[in-house]
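Once you've had a glance at the structure underneath, I'll fire off some questions.
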Amino acid sequence: MPVIATEKLTKDYLTGFWTKHPKRSLDSLDLEVHENEVFGFLGPNGAGKTTTLKLLMNLVFPTSGSATILGRPVSDTSMHREIGFLPEAPYFYDYLTAREALSYYARLFGLKDHAVVDRFLARVGLTEARDTQLRKFSKGMLQRFGLAQAIVHDPRVVFLDEPMSGLDPVGRREVRDLILELKKEGRTIFFSTHILPDAETLCDRVAVLARGRLQGVGSVEEIFHREVHGVEIIFELPGGGAPPADLARTVTRTGSRYRAEVGVEDVYATFARLEELKARVVGCSEVRPTLEEYFMKLVDGANQAKQAGGGSQ
Amino acid sequence: MNAVLVAVIAWNTFREAVRDRVLYNLVFFALLMISAAILVGQISIGIERLIIVNLGLSAISVFGAVMAVFLGVGLVHKEIERRTLYTMLSKPVRRTEFIAGKYFGLAITLAVNTLLMTVGLVTALLYVDGTLRREDAAVMTGVFFIFLQLLLLTGIALAFSCFATPVVSTLGTLGLYLAGIFSDDIRTFGSLSENPAMQRLTTFLYYVLPNFGQFNVISAVGHGQSVPGALIAGNTAYTLLYVTVTLIAAAAIFSNRNMK
Amino acid sequence: MTERTNAKTRAIIAIPLLMLGVWMVARFNEPYAAKMQPGPDVLNLSSARVIKALSIGYNGLMADIYWTRAVQYYGDKRHAVQLTGNQAVEHYPLLDPLLEITVTLDPQLVVAYKFGAYFLTEPSPVGAARPDLAARLLRQGITNNPNEWRLWADLGMIYYQHGDYAHAAEAYRMGSEHPHADEWMKVMAAKIAQEGGTNQISVFLWSQIFQSTKDPLIRNNALQHLRELGAVR
């Protein structure tokens, strides 16, 4: 049984002030997330990621289609005992201290033990700030607090909407580690992001969404590595001289280092020439399209499909 | 409905009101009572007690109504606006329970506020009169009726805030409040008109609109008139029934609302 | 069933039932609540100046409300007399204070002077039988509205009705000096000064009143007077 399953899940929002026009935000989403998976939900802004999460959290109601979590319909509130949710750019009762707020949330699950609250605040690194009112928290601290409230009740499934946004590199690292720990504890994690490296390091599988439509599901490699643009070679030249113009299709200089981007078929020839030039090779890696480039292509593709379809929607 | 959850949410709503310094209005009430108690003996003869009762009960009513309306219309809307609702509703909390918790939270706030103001009123009465009298029990009934009105007003404000913006909710709640105060006049207006359809309409409105007029005993208790027990029972029952209507309506609207 | 449909069904079933309860309790409360309300005859604020201060700039609106209250007050009392057939003397004690408040709030509300004076002066049970108060109200109106020459005619009528022909003639004469005043004002001033009260003059004055308004109450009353004078059947 899948932990999360959606079937033809569709959501139209009514827009416009006087005359309401339906605007499709999510279009026939079919998705299955399995037990103990870290599942990444990728897509550019406005792709329908947050709409999907809101549908799963029963915050908005589907126009058509259905969704289940742990085999129970999303409208079943009692199932919420088993799940945790961190909204995008979360905001909490800012007149409470971190400790008060977390014990408030814990009480909604019948947890009255202050030790539990303190343990979870420590887990997200907020021990020192626990008696500070949330209104004095930075965005990153709020994000950490949000993680604590999502897991304080030991949920089986954790939903995180853009958990890394607003965090500094250290914070991102900590959240990454936390997600991996949650996986190790046997939980299922469903998170949305538009940052590819996060998805790469964490996800067993990802789904890509653009313009409300599912574009593909699979491992990060399957989805993003299909095409390799080329190879980048970073090198230094003795005596600081400039490389010959015909060395590679692009050569850029940063400080004393050069970066050459070459086609996969030209890699050995380029190495040979670099050897002739007595260059010192510092690094070599694949060049893949960035997530932004990938998304741009998806959006273009969706636009073209829409035009080709003659506005069949 | 899980009563523990409702209580937890209600307690937090009360805590929010206290931390937002809502109870500061008590300072103004205290100042009003103190200055009235001191001044009344100097500007008037023989009606000190009457003035304190009228002024005190009117102030309890006005301060409470302002609080009920302005906090009431924000109860749900503020949680949507600030997106605190997203986390709330991802907990095992039914929307009906959330509505009930919010309502009782504000009800507790109003109860505490009314109670403290009543202490001020009694103190002022003691000061000008030197002693409490039997008629002062009627004044307490007046306070109780004011509190019932506030409970009703809160329900109306909460129901509005489940589907309308704060401005619209405020106008709607105040509109119903005024209509409810003058519902007697609405019916009189109808009976003066010769049109039977109009008479039926105004009679219908008279019974459907929240009848705040039946709660107004301020001037009567000021003159030491006691309130019949039947009216106390009747008004209590009326409030319970009508508040239940507003809460069921609020829950139905809120349960079907998309939290965009 | 989901919580959504549950809540909806509950509302559809329970709200009508509860409102039925609300209706029943409201009916139960009515007699008790009525006892707690100050009677309709109590004038809560007696000073027009205080009300003007309290109306914080909405004087016009407040004047309209008070004028309406004055009319309602008169109407209620009149209605009660007709219903019970109780012809006991009716003094309409609050009519004058209500009118006083109205015209203090809005001195240009001519209708309040005109009709107010009429109902103040008529004998019981039609009016308050207080020509003195009526004359005072009209003089106040004339001071505040010097362009309304018809108020002089109304004042003259009050004196005329009570046999004070000297004052009546004076009032018609003052009114006739107004540039827009009708010619008959002059005639009335002269006739009353010469002849005092005659049937002919009375008939003319009552038909003037009959023609000057569309208000059925006043027209009927004028007609009644004309009938008594034998001018109509």
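Order of writing sets the chain letters: A, B and C. Residues in each chain are counted from 1.
Methods note: a contact is a pair of C-beta atoms (placed from the backbone, for glycine too) under 8 Å apart; a residue touches a chain by one contact, two chains touch by 3 or more.
Keep in mind that what you see is a predicted model, and the values were worked out from it rather than measured.
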{"item": "Arrangement of touching chains [line / ring / star / complete / other]", "value": "complete"}
{"item": "Centrality ranking, top chain (CA atoms only)", "value": "B"}
{"item": "A-B against A-C, pair bridged by the larger set of C-beta contacts", "value": "A-B"}
{"item": "Length of the line joining the C-alpha centres of chain B and chain C, rounded to whole Å", "value": "38"}
{"item": "Separation of mean Cα positions, chain B and chain A [Å, integer]", "value": "48"}
{"item": "Distance between the centres, which are taken as Cα means, of chain C and chain A, whole angstrom", "value": "77"}
{"item": "Where chain B touches two or more other chains at once, by residue number", "value": "94, 256"}
{"item": "Chain A, residues touching no fewer than two other chains", "value": "61, 77"}
{"item": "Contacts with two or more other chains, residues of chain C listed in rising order", "value": "3-4"}
{"item": "Touching residues (chain side chain B, partner chain C) in the complex", "value": "94-96, 184, 192, 207-208, 211, 213-214, 216-217, 219-220, 225, 227-228, 230-231, 234-235, 237-238, 241-242, 244-245, 248-249, 251-252, 254-256"}
{"item": "Partner chain A, residues of chain C touching it in the complex", "value": "2-4"}
{"item": "Touching residues on chain C, where the partner in the complex is chain B", "value": "3-4, 6-8, 10-11, 14-15, 18-19, 21-23, 25-30, 32-33, 35-38, 72, 75"}
{"item": "Chain A-touching residues of chain B, taken from the complex the two chains share", "value": "4-5, 8-9, 12, 15-16, 19-20, 82-94, 256, 258-260"}
{"item": "Touching residues (chain side chain A, partner chain B) in the complex", "value": "13, 54, 57-61, 77-81, 83-85, 87, 89-93, 95-96, 104-105, 107-110, 146, 149, 159"}
